[in-house]
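Report on the following structure.
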Amino acid sequence: MLKDLFGGKSKYVTVERKKRSEEKGNEHKEDSDKKEMPDDLWTKCKSCKQIIFNKKLAKSLKICPECGSYFRLTAAERLSLLVDDEKFEEYDADLQAENPLDFPDYEQKIDKYQEQTGLKEAVITGIGEMNGWQVSLAVIDSRFLMGSMNSVVGEKVTRAIERALEKELPLVIVSGGGGGARMYEGMLSLMQMAKTSAALKRLDQAGGLFISVLTDPTYGGISASFASLGDVNLAEPQAKIGFAGPRVIKQTINRDLPEGFQTAEFLLEHGMIDKVVERADLKDVIARIIDIHKLRGGENNGTE
Amino acid sequence: MAQNNNLEFEKPLIELEEKITELTKFMEERDINLTDEIERLETRANRLREEIYSELEPWQILKIARHVERPTTMDYINLICDDFIELHGDRNFGDDQALIGGIGKIDNLPVTIVGHQKGKETKDNIKRNFGMAHPEGYRKALRLMKQAEKFNRPIIALVNTPGAYPGIGAEERGQAEAIAKNMMEMTGLEVPIIVVVIGEGGSGGALGIGVGDRVFMLEYTYYSVCSPEACAAILWKDSDKAKVAAKALKLTAKDLVDLGVIDDIIAEPPGGAHKDYKRSADLLKEKLIQEINQLERLETAELLENRYNKFRTMGYIKKEAEEQIDESIENCG
Amino acid sequence: MAQNNNLEFEKPLIELEEKITELTKFMEERDINLTDEIERLETRANRLREEIYSELEPWQILKIARHVERPTTMDYINLICDDFIELHGDRNFGDDQALIGGIGKIDNLPVTIVGHQKGKETKDNIKRNFGMAHPEGYRKALRLMKQAEKFNRPIIALVNTPGAYPGIGAEERGQAEAIAKNMMEMTGLEVPIIVVVIGEGGSGGALGIGVGDRVFMLEYTYYSVCSPEACAAILWKDSDKAKVAAKALKLTAKDLVDLGVIDDIIAEPPGGAHKDYKRSADLLKEKLIQEINQLERLETAELLENRYNKFRTMGYIKKEAEEQIDESIENCG
Amino acid sequence: MLKDLFGGKSKYVTVERKKRSEEKGNEHKEDSDKKEMPDDLWTKCKSCKQIIFNKKLAKSLKICPECGSYFRLTAAERLSLLVDDEKFEEYDADLQAENPLDFPDYEQKIDKYQEQTGLKEAVITGIGEMNGWQVSLAVIDSRFLMGSMNSVVGEKVTRAIERALEKELPLVIVSGGGGGARMYEGMLSLMQMAKTSAALKRLDQAGGLFISVLTDPTYGGISASFASLGDVNLAEPQAKIGFAGPRVIKQTINRDLPEGFQTAEFLLEHGMIDKVVERADLKDVIARIIDIHKLRGGENNGTE
């Protein structure tokens, strides 16, 4: 079944999104899907350089059938993978960035990425069902300004955390933005790290469950805030995860980085990750964790 | 003070001061009375200093914030505390000398102080890793802050770092986790926390001890999402544009008061904190005592609620989007 | 099962069993009816086994406890849990494969399980460091146990280690601190904790996950302040006297029930747990469920009070001394 | 003043001990002092091999005046150093070991060490004053069966912890026993680790202050229980501190141990010790720490 989730057209469009109809841009969505998976029939694997038919790639959940490399997923694709059919209600879809610093060219950047991705910002949040369990979800989209955290991303993630707290739902955040805190909003971006971490403290104190899913890439302001703070930290194989970018580290220490540095497997070995989970197993593993947690204390929201 | 420590933009002032010194010497040697002239020149110099310092560009403030002679965390501690005992180690892996901490008394008030520690000369600076902490530094700080909570002591966090260290060991031991954990835990500590940026407020490395009930900056410090050099290099592939970036990033104390990121600015002596350690420490101490007294009047629940809301409300979101939501409510009505 | 895994003291039994196998084969090949004879021999073998196992010497129990084919923590977990997810890492330094943990369900009852993990063959055993944990292992266990407390899950700790690892890295990262901290924190965890020694209970390395409301030992396990070999070497400069030390140290389940160190013994199948994994796991599971159910009826305060008193009262002090104190009270009266 | 604490005869005998008169053995005490500092006039330094006059050694607080090595102190000498004159009341002085395992020769050992040291067991506990602050104290004596922990040591330390809890006093434990858990009492010795740690948890939860002082040598069952659990861990310079003994480690890893391994300075560098404090400064540092802690919340028990 999972194999069928990725069609030539993203299954995501069939996932019900609150306020979806209010958006201009289902066309934008389609556009972007086309950019992600162009109409031409194949994609070249960055790792093994093999040419792979897009249909085959979709069937393998965007994992290279030749070498096993994981391709990045858009937030929409990720949701298709994680959420039961039609069982996702988006929240705060309309929140958009300001330019509080009057940073040169920031508005144009936002416009461009909105155009390209069909998203208003770098995260989609909402409530979805996973194997019947109701979950408060946030999924970063790495295409939108490198999935960097600005005021809107921080606000949406914080609201997703508060939603979990208020409705007593498990919280699942899929982090896969490379950019850390977004420069264009300066310190306001940085402060989203404190804001989201503070919200997680409240959830923690209330006994809420937070499963953090680290996907490629998770760095900087995102890895150094909510992404590292799961009760359970899961990661996709090969995902690059770290605080400082490899280039900065290389420059600083002036030597080459070890093989496998900053991969999910490296973090597992160094005690930062609870479990590395194959893409195809992710939904089930999350649901099983929720199941083990929810039988006691909390009410069973699931259908199984 | 060594010549090479001079700030470039102070050049006219420094030249004038040199002239005054020369003239004074000349007067004394030749026994000619030039008191009036010297006095006039000194007035000029003061005016010039005021002029320079009243309209400092962000990149100039950056230079002062990074000045090697600037008082360090330990300098302030020694000048502020009647007694202080440095405590070491994270009880896990190591003792980071770039992020120090301990317990002491300020006018008989017990406090826990943590802060980034820079060195003054090369050897010391290497030991202190230029104030760039490793995970064990953040974990030591957390250990000491949790102890402050146990013993009901207010916490003072002095921020002075270019950033958390980007290295292999730091990544292996979870730099990201350490910083994230600290922010999360500082949110819940049931004692007052006062954060003061005393020099460089470098990104996540600063924020790792930066969550508090009050966040202040000394007058000539900066606090930034990334260094202007890095920003320029990334955005414009040109680190020479750092001055432009310094302005664009809104990293000065004044900018950050306006943006609601910090609460207040603590004044420095004319010419910067390094010109008068004692006076700088007095100004800092006065503010700390005043604020701690205020915070200690609050019930714990109120303290924590205020702290939460302080960070919860940070950020700007486009008005139209919010209005759009409002409209839809109006449509319903 | 490889010949070299045989227990020496089972030799007569094993020889008899070999004879039975031979005879059975012979009967089948030659089509001669030897059913009666074989049956008689089997009865004999059972009696012999009972005899051997009814009067095992401590050093023999030690051999069974250390048997390479003995079920490991993971073996028990797989047989006991309907669902289990292993969770890794101490969020500090590393993931110790000699001390594992995770969450699971036993008959729909969510639990957190931690335990020392040995390997079965050399490669696995090297990865598992022969069940000798490093500080990061104890810290992972503590992290998982604290999470169990947060989510109100009972904790099961399965002990099976020759001891905490004595190495440079272990000392550098605070082996002593890690074990001490675990004991201290386990005292305060507000959920039921059941400790079961499933093989070797080696000193501080065992006790590092050994504080609980109930402490059980499987029938053929040991729990000791130090290995009999080390004891003999230290006291009598003669490690051949390990058998004597094994007796003197009172390290068997029976001894430790008598001394008030453990609460109860969980029976093993005839010939030891490795002869029947399924049956061993069933016996363990039954006991766990029964005890968890009992413990869950207690209020948290009572649970913690009982746990405290359990350890508080351990130890023997000379009667005269205590009486002397009583006398002095009498003198006052 | 501190210089005068160590006379040819230990100042300790002038420290008031509750029930002291009930003991047979002030003579034993004197005997043992003589053994520690023999009537012959000199001692050879184990480190630099220099011959030092005992009077000089006493004046330097048993620190070699030639090379700076720290000699071990008896519990009595330690108390003289830490406690204000005449301000120590001993508790539980009469508690003595049983032989619950019927371990061969254990009684004889006990008798021998009681004879040698004038102590009933390897720890002295009580309430003393340090610069005017009332403190619950426990001091291990390494001469008594290597300062190893048995039922009595565990019980006395636990009572000292409970005394601190009950009377709301700071707790100071000076650990300097090499032997860890005492083999002769088997698992009962090991369980004293759990017992003392449990008591410390209660003290911690009640907000009590525990200063652990690690002196040479602190290993095994003592380092892996109360000695490592201070709110503040202090150590004397050069003190050997660790979990496993260096011989065992060497045997296990089959190579030489690094220079300075398992010293106080090594532990400081590795984050386990808050501060290394010179012997002469120990009392003042402890009193200053207590002072900083006691001004708020607790009542000031001190006279200054």
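When the chains are written out, they are named A, B, C and D in that same order, and each has its own residue count from 1.
As a convention for this text, a residue touches a chain if its C-beta (ideal position, glycine included) is under 8 Å from a C-beta of that chain, and two chains touch if they have at least 3 such contacts.
Worth saying up front: this structure is predicted, and the values here are computed from it rather than measured.
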Graph distance between subunit A and subunit D, where chains that touch are linked: 2
Greatest separation from subunit B - chain, by CA centre: C
Computed distance of Cα centres, subunit D from subunit B, in Å: 43
Mean-CA-position distance for subunit B and subunit A (Å): 34
Euclidean distance of C-alpha centroids - subunit B vs subunit C, Å: 54
Subunit C residues counted as touching two or more neighbouring chains: 91-93, 173-174, 177, 181
Set of subunit D residues in contact with two or more other chains: 204, 270-272
Contact graph of the chains (line, ring, star, complete, other): other
Which pairs of chains touch, using the document's own definition: A-B, A-C, B-C, B-D, C-D
Subunit C contact footprint on subunit D (complex, rising order): 94-98, 100-101, 103-104, 120, 150-152, 154-155, 158, 180-183, 185-195, 197-202, 204-205, 220-221, 223-229, 241-245, 248-249, 252-253, 257-258, 261-262, 266, 270-272
Contact footprint of subunit B on subunit D as seen in their complex: 204, 207, 209, 231-232, 268-275, 285, 288-289, 291-293, 295-297
Subunit C residues within the subunit B interface of the complex: 91-93, 135, 139, 173-174, 177, 181
In the complex with subunit D, residue positions of subunit C that touch it: 164-168, 170-177, 179-181, 183-185, 187-188, 203-204, 207-208, 210-211, 223-226, 231, 234-235, 248-251, 256, 259, 261, 307-308, 311-312, 314-322, 324-325
Of all residues in subunit B, those that touch subunit D in their complex: 83, 85-95, 103-105, 108-110, 136, 140, 147, 150-153
